[in-house]
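As written, the chains take the letters A, B, C and D, and residue 1 is the first residue of each chain.
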Amino acid sequence: MKIAAFLPELLRHLFKKPATVDYPFKKLEVPKDFRGTPFLNPDMCIVCRACERDCPAEAIEITSVNEAEKRFRMIIHNDRCIHCAQCVDSCPTTPKAMQIDSLFEIASDDRHKLKKDWVYVRAVLKPKAPAPAAPPPAAEPKI
Amino acid sequence: MNFQIPIGPQHPALKEPISLRMTVDGEVITDVDIRLGYNHRGLEKLAEEKTWLQNIYLTERICGICSHSHSSCFVQGVEKLMELTPPRRGLYIRYLVSELERVHSHLLWLGVAGHEAGFDSFFMYTWRDREVVMDLLEMISGNRVHYAMNTLGGVRRDLDEGQKARILEGVAILRKRSEYYFHIGASEPSFVARIAGVGLLSKEQAVSLCAVGPVARASGVARDVRKEDPYAVYDELDFELCTADTCDVLGRVVVRVKELLQSYRMIEQMVKGLPDGDIVVKAPRKAKPGEVVSRYEAPRGENIHYIKANGSDKPERLKVRAPTLGNYAATLVMLRKGFIADIPLIFAAIDPCICCAERTVTLVKAGSGEESVVRMSDLRRRAIARHQNAPVKRNAVWPL
Amino acid sequence: MSDIAIVENLKRDLGDKVLELANPDVRRIFLRVAPRDLVPAVTLLRDKYDCAYLATISGVDKGETFEAVYHFASPAANINVRTEFPRSDPRVPSICAVIPGAILYERELQEMFGLTVEGIPDPRRLNLPDDWPEGQFPLRKDWKHVRPQEVIPGGKP
Amino acid sequence: MAVVRTVLYLVVYPGLLFLFVYSTFCEWFDRKVYARFQNRMGPTHTGRFGVLQPIADFFKLMAKEDVVPDAADKRLFSVLPVIGLAVVSTAGLLLPVWNFDLANPGWTSFSGDIIVILYLLSLPTLILFLAAWSSTNLFSTIGGARVLTMLFGYEVPLFLAVLSPAILADSWRLAEIAAFYQAKPLLLLTNILGFFIALVAVQAKLERTPFDIPHAETEIVGGTFTEYSGKKLALFRLTFDIEMVVASGLLAAVFLGGFPGGAVVGFIHFVVKTLFIIFLLSLLRALTSRIRIDQVVSFAWKYLAPLAVLQLLATILLKGLIT
């Protein structure tokens, strides 16, 4: 039972630089593959809806704007998103249509500002396979 | 003359909403009634409406501190249902992250115990050193709290050489700091005075009330799922079972710090012995009908997931029993005969994760003492009288 | 005591009470008994098989019958005792006399599935709110919950 | 001229204005040193190095809503903070800082003023109990009981420790005691034991960790201050700050040889010595954890009181030797 067992540690830290970071004024850099906000690059997307089906928080919504010209609209509800990047893993395209950036300061006072949407024409698959450009069998579109 | 003190759902000492109604006589607690359900999110019903893949992230959000425990326990069970055997490397990474999570959870608890006892410098230092392991986890998994490392059939991210070296470095720093906290926790007189002889739970009580985890191990009950029912990689790692037999909060501090040191050993073994190969196996979307009980040693005790599948891509029944729930009956026994000053310390000693345990509540006969205003003179007389004949016999050495 | 030894002993001790005994995985034993033999089976498990530790009780709604699975954990193996009872009169004996810690899970069973646990020391409601309507048992399969449409305050929909 | 000096004395120098500014400065100093001990930053953004943070807190609280519980005894509930502030400020006037001459004692420094200052410093504890009692809240009732219980613990050792140098200096007047030790500084070393006892006792009087039991927020929410908010709470916190300044001023005067020199040099002495004592107080605060109420009383009577008596004995023996 030592009296003032903590004294040497306290005195040693008296003139050391504080460990706390002055956050809003000095920012910490985020590690390499940090999971921030998901986003879509529309030209790669083949509308297989794997991301919409696998998203735990139902934050991805794909609706067809106009069936004839195969125009689709995807809304990512970033206020519901839990940033788990499952959509990136489930996306069958290579290079990935769904990607995730490392932006974490996304707080806003209005939830509508958090919703991002893309209107895009469904990409015409490069005719590498003679089969018609049907969506891959694994995904059954749920209109 | 006693009156009831509501350590109500909202209280500075409680990080989460739980209601403890203490029937108090002066400073001594005579009776306790606990009431939960303020944070019940109907998780088991929700799990029946989500697919297996989505349920991984749902079970991960049962608790903020031990998120990887719940998701590993769930994924481990589902892999048995789907007869998947994840590759060795994937298993090693999964249980490396779970040991890192045990380190961060125990360091967090050490700080909270210090804060509850008013030892704020200890709280500041332990939480500063906890940042080392949080940065490691963020480097590995991309997020500080919900690591989302697990997927059906393995893990989602791999470890490269640079990360392995950084993990070993971090563990070396943390081992030195943990030994220092062990020394402080056991020798700072004012801190020991607050935790020695407080919250007594004898071994028989611990067994009969089904206490789990460090609370049971601090009362001499040597039960640990990693030793008793070793899952995945734990039969290949050598580590000791840490117990103490002082049956009080000091024993729980000692057990948790010893477990920290054991976790460092395991992490080093896992990082050095990381087999190579791929980290995940393709998983089907549907699971064959069947049921499985999967057990996992979370930082607070034993997690049990009972999963029943009916052949569709959604579970038919998911029953989750979090460790904190097992300790509630033991908490009420510990709280009786304690001081008001000890309430937050005893309650924090089981490291309650209330959002985990929100599926059930326990009870003790509510005290009959009604709320009554006591005259000043006899309040002071009783306060002084109580000091002369302190009713609680402290068997531990009490330096002050 | 290995799994096979436990299974043999259980067959010998319980004899005809054992309706079903399965050992699907290492250190996992599933035992089915009729509701009336539950308490003697649990007492035997606690005394002879060192299963004083009840992890939890899982209630399962199997359509026309209910099922309660009692998960015991001994240092040797995880023994799960299962009982089934018809939906028409959902009654199950309480094992609080044998295992004091079981009160927790029996009350959840009672509240979430609408079973009546006979001899339960404290039938108070558990973690459902006090103003939860009577007769509503959320974990039953036929209890459907329709999620309200999410309304975002302010601004365009 | 004398009227101007008195008004100046009352209102500016050791009076209200100085006490307000200096006590907020001391609180900033305490919070900054306490933060640096814990390897963190402490207040940094309000004014240079965050110096204006306590003042900012004070004015924020003054602007906040002031709720009086309806079951409470309204008049007593709202008048207590003001009385507390008044008591502690008058104690501040008695410090031997300026405007005293050794020859003829005036109203600011007379023989026996050490007793008056000790009495005025123990009044806030009773005011705290009344405040806790009049707010009829469960937690504050317990806080009030704890304040009284602790009073029995640290009061006697404090008095013994502070009075032993007075006995050696053979006078009850702070100015004379300070002058005595300025003349013979070597005798200060004999009071080192008394100094440490007084430090611990003042830490208990100011209810700072390890003795912040009456308002331990993790146990009984706000303790004595649970029902206080807005202006009343601001006044109470100011009372505690001024009490810290006055108590450390008292200890500096008695144990560290007072504040020699006229107005300016005395002022510098006053600032340096009180800041040194506040540094020791925040070191004590960073060092230990909060102990229970029954441990406070047993610690005070098992360790503090005997040591104080020992110090008194040594002083009396020494007094016999040197006269």
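One rule holds in what follows: a residue touches a chain if its C-beta (ideal position, glycine included) is under 8 Å from a C-beta of that chain, and two chains touch if they have at least 3 such contacts.
Keep in mind that this is a model prediction, so the values were computed, not measured.
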Which of A-D and A-B has more C-beta contact pairs: A-B
Central chain (distance from its CA mean to the mean of all protein CA atoms): B
Per the centroid of Cα atoms for each chain, what is the distance between chain A and chain B, given in Å? 31
Centre distance in Å when chain A and chain C are each reduced to the mean of their C-alpha atoms: 40
Whole-Å gap separating chain A and chain D, where each centre is the average of the chain's CA atoms: 56
Using Cα averages as centroids, what's the distance between chain C and chain D in whole Å? 62
Quick one: which residues in chain A touch 2 or more of the other chains? 6, 10, 19
Provide the list of chain B residues touching at least two other chains, using ranges where the numbers run on. 121-122, 125, 128, 188-189
Which positions of chain B touch chain C when the two form their complex? 36-37, 40, 42, 44-45, 80, 207-210, 223, 228-229, 290-293, 295, 302, 304, 306, 308, 316-317, 319, 321, 325-326, 328-329, 358-363
Inside the complex, what are the residues of chain A that reach chain D? 4, 6-7, 10, 13-16, 18-20, 22
Footprint of chain B on chain C - complex, ascending: 24-25, 27-28, 30, 52-56, 58-61, 69, 71, 73, 75, 77-78, 80, 99-101, 103-105, 107-108, 122, 124, 126-129, 138-139, 145
Name, in rising order, each residue of chain B that touches chain A in their complex. 50-51, 53-54, 56-58, 61, 121-122, 125, 128, 131, 135, 138-139, 142-143, 146, 148, 151, 156-157, 180, 183-184, 187-189, 192, 399
What residues of chain A sit close enough to touch chain B in their complex? 1-3, 5-6, 9-10, 19, 31-35, 53-57, 82-86, 89-90
